[in-house]
Amino acid sequence: MKQKIAVYAGSFDPVTYGHLDIIRRASKIFNHLVVSIFTNKNKKAMFTLKERKDMLKKAIGRDKNISIDCFDGLLVDYVKQKKVNVVIRGLRAISDLEYEFQIAGINRMLYKDIETVFFMPSAKYSHLSSSMVREIGKFKGDVSKLVPPYVAKIIKKRLS
Amino acid sequence: MKQKIAVYAGSFDPVTYGHLDIIRRASKIFNHLVVSIFTNKNKKAMFTLKERKDMLKKAIGRDKNISIDCFDGLLVDYVKQKKVNVVIRGLRAISDLEYEFQIAGINRMLYKDIETVFFMPSAKYSHLSSSMVREIGKFKGDVSKLVPPYVAKIIKKRLS
Amino acid sequence: MKQKIAVYAGSFDPVTYGHLDIIRRASKIFNHLVVSIFTNKNKKAMFTLKERKDMLKKAIGRDKNISIDCFDGLLVDYVKQKKVNVVIRGLRAISDLEYEFQIAGINRMLYKDIETVFFMPSAKYSHLSSSMVREIGKFKGDVSKLVPPYVAKIIKKRLS
Amino acid sequence: MKQKIAVYAGSFDPVTYGHLDIIRRASKIFNHLVVSIFTNKNKKAMFTLKERKDMLKKAIGRDKNISIDCFDGLLVDYVKQKKVNVVIRGLRAISDLEYEFQIAGINRMLYKDIETVFFMPSAKYSHLSSSMVREIGKFKGDVSKLVPPYVAKIIKKRLS
Amino acid sequence: MKQKIAVYAGSFDPVTYGHLDIIRRASKIFNHLVVSIFTNKNKKAMFTLKERKDMLKKAIGRDKNISIDCFDGLLVDYVKQKKVNVVIRGLRAISDLEYEFQIAGINRMLYKDIETVFFMPSAKYSHLSSSMVREIGKFKGDVSKLVPPYVAKIIKKRLS
Amino acid sequence: MKQKIAVYAGSFDPVTYGHLDIIRRASKIFNHLVVSIFTNKNKKAMFTLKERKDMLKKAIGRDKNISIDCFDGLLVDYVKQKKVNVVIRGLRAISDLEYEFQIAGINRMLYKDIETVFFMPSAKYSHLSSSMVREIGKFKGDVSKLVPPYVAKIIKKRLS
């Protein structure tokens, strides 16, 4: 019996309860899940790579099935080098589907063995995104229902 | 019998016939409608707050059921402070619905008493948006079917 | 100050927690809400008109702002005759939007003063419909999280 | 290390190249895949259960990771009894997503441990469905690019 | 210079102002347009083939660029035999797109030279369909804004 | 018999196999096709106008039915001046449809004789866009399945 590993990649800028919901669901389906932070050099993030890693660590805890990693460049090159070919995505809405199918389709053209597997988040997180959290944070709104306490604290400190 | 008040918030940069169609529809349903200009400090507008207020005033006229206001920060904080909990939105299309549900869902998470009420614009305005008007204006196109005459004149002057 | 009345029409075959969520939201926005059962002669319902009326009565209780009614024929003719011109709809999803815009658009062509106002149901009811409930009932599934206890009891009795 | 099992349920009336594409993809992700024919008593199928089973067997061959089964009633009751809680679905298009999210959402309400996992079919099968195949068959069209040769032969015989 | 011919197929049960809008648009783009009534033996129509042909003739008039025809069976077989390989479709909405892409995709699989060309109807007809017209007719509603006068008269007579 | 001419406008930054698929399809339907590069002064392109022209020339070859042109300003003004009133668009997905209908609707408001005609690209190019190609190029990914060899070579040179 072969071990089943999957990668869940994203900016996690910051990690939200929506991401954690997908991580929890995927970690039950696969033997091991790699949560990997995309350190896009072309786009300015609100939080540093170290901050985003710390947030994920605090949020995920000591689950042995889950490890945290980071990468730059194309996802297909990263998973090829990791010898993993399953990629996890959360699907929230129609506009997501379009974009996700576009990404997944191109990834397949670039690397035919890659398989993208989609999960449906819990209904209560279906409208949640990191950009929404950053937006609310900028206007000093209350993000405590959207992200874990540790993340909420950092957002508050950063933006005050 | 309690008075029913609603807020219709937006950038109105500039106000279009599509906005005016929603304002007319909503003002018939509610006892009072507050049209409130969002003065987003993080985003550069084409028109100043004063210009946008003047455009709305000219376009709406002396309808006693409608008042014009402005706000910065989060909509939920604004409506809480105004003690109004109905928010009006126009729904043009599928991509709107996604975005609108995301906003409305987050607003509900932040303030459970807020209620978002959606109107369908007249079919002839279903493809119209302020950004489209600005784009056409920049290329010196004719915007006279998209915005009221006073607004068309300002756009022409501004961009010549 | 004019009293604001709205109609929420549907088959309610049977009423679900999703309908009740919309009824609760709409009854706060309008001075009076008429919940009206469409007794479509061309389509066989699972429950009789009397059963559907009883379910709604039990579910809504003695809220003085809400009355229960029924109609056959076109909705536009019904609302014209009732002298109400606001119609309430719940919007769950993209495919709903298409269908709802089609109906609302045709209603406007038939009666220009009719205004359709859309509400967003609570996220937890965003996947719920009467047909789904009937389907689960037929397979003797548990509908207790989808409809009020009284309705669940009738479904169980009817399908055993 | 726990064995990862999933169920792929459907009417398979008849099985198409689209289904086989999803089966191939899912069988690489999970240790074992149960392809289960839904023998809906309330709906008349074109092919008998035995025919549909034979088609699937011929199409799948002797892959030891895949078994064929059938069930009636609710999918959630079936997977509970099988002690499997992962369900596979192929996602072709937007209208699929709506329907699939509705089903997956209701399944979660009925059985919180069920997890629905979505796969994207190969682009060339993104417009293919069993009902489309039946429709073309009825008009004596050529289905040889849509279903395996054995299935095409049965359709031809059945409809001549 | 080769003559450009296209086929616009449909049930036209009955023809609506929406169909006529597409016919007018397509007849300007192509040298000749064949409007072809699909006489689906598997589905009961409200109007006979003769009635539907008469409605189309009255509505289209003596435009020499347009001819009226009918067919049964698969559209691809019909256009192959007619030696035409352009098919016209009107696109109203998102759910249309899904369905239309499915049909167009399957048609391409069955006959690689067929080309489906989509037109956008006038905004005022974007919610109009034959089934909507039949539904309103059944409830004795006023269809005079949805179909030409001759068709409205037949509907009225038929359903009284 | 009037000659049928159409315009296919875009940034072509760079041209992809998806564009070439639409060009090939449209050039069979119309007597002449003008592929016109939009030289948007307000947006920085990756490739110069000359480079984009050269790419198109190499990709299209000596097809006499197709000419290459460029324009700035509004498309409606360009086609008016060219005395062409048919515009070609490729439709990939739902989000495209929304945007395309918005553009086509506004174009009709600005110039009532303009007709937008939509084509469906080959399924294998349904997820392909110039921005996707640029993104992959930036991360030094392999674009050889997405664009013609000449374009792939330029991208590689430019980004190394």
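Order of writing sets the labels: A, B, C, D, E and F. Residues in every chain begin at 1.
Just so it is clear, a residue touches a chain if its C-beta (ideal position, glycine included) is under 8 Å from a C-beta of that chain, and two chains touch if they have at least 3 such contacts.
Please read all numbers here as calculations on a predicted model, not as lab measurements.
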Report task. In contact with chain A and with chain D at once: which chains are those? Just list them. Result -> C, F
Requested in this report: Moving only to chains each one touches, count the minimum steps from chain A until you reach chain F.
Outcome: 1
Requested in this report: Report, in whole Å, the distance between the mean C-alpha point of chain D and the mean C-alpha point of chain F.
Outcome: 39
Query raised in the report: Using mean CA coordinates as chain centres, what's the chain B-chain F distance in Å?
Result: 34
Query raised in the report: So, what's the distance in Å between the C-alpha centres of chain F and chain E?
Result: 30
Query raised in the report: Roughly how far is chain A from chain E, going centre to centre by Cα mean, in whole Å?
Result: 47
Requested in this report: Indicate the residues of chain C shared as contacts by at least two other chains.
Outcome: 94-95, 98, 101, 104-105, 123, 126-127
Report summary line: Pairwise, the chains that touch are A-B, A-C, A-D, A-F, B-C, B-E, B-F, C-D, C-E, D-E, D-F, E-F
Query - Partner chain F, residues of chain D touching it in the complex - result: 94, 123-124, 126-127
**Report entry** Residues of chain E defined as touching chain D within the complex
**Finding:** 42, 73-74, 76-77, 94-95, 98-99, 101-106, 109-110
**Report entry** chain E contact footprint on chain D (complex, rising order)
**Finding:** 93-95, 126-129, 132, 136, 138-142, 145-146
Query raised in the report: Once bound in the complex, which stretches of chain B touch chain C?
Result: 1-4, 25, 28-31, 86, 91, 94, 97-98, 101, 104-105, 115-120, 123
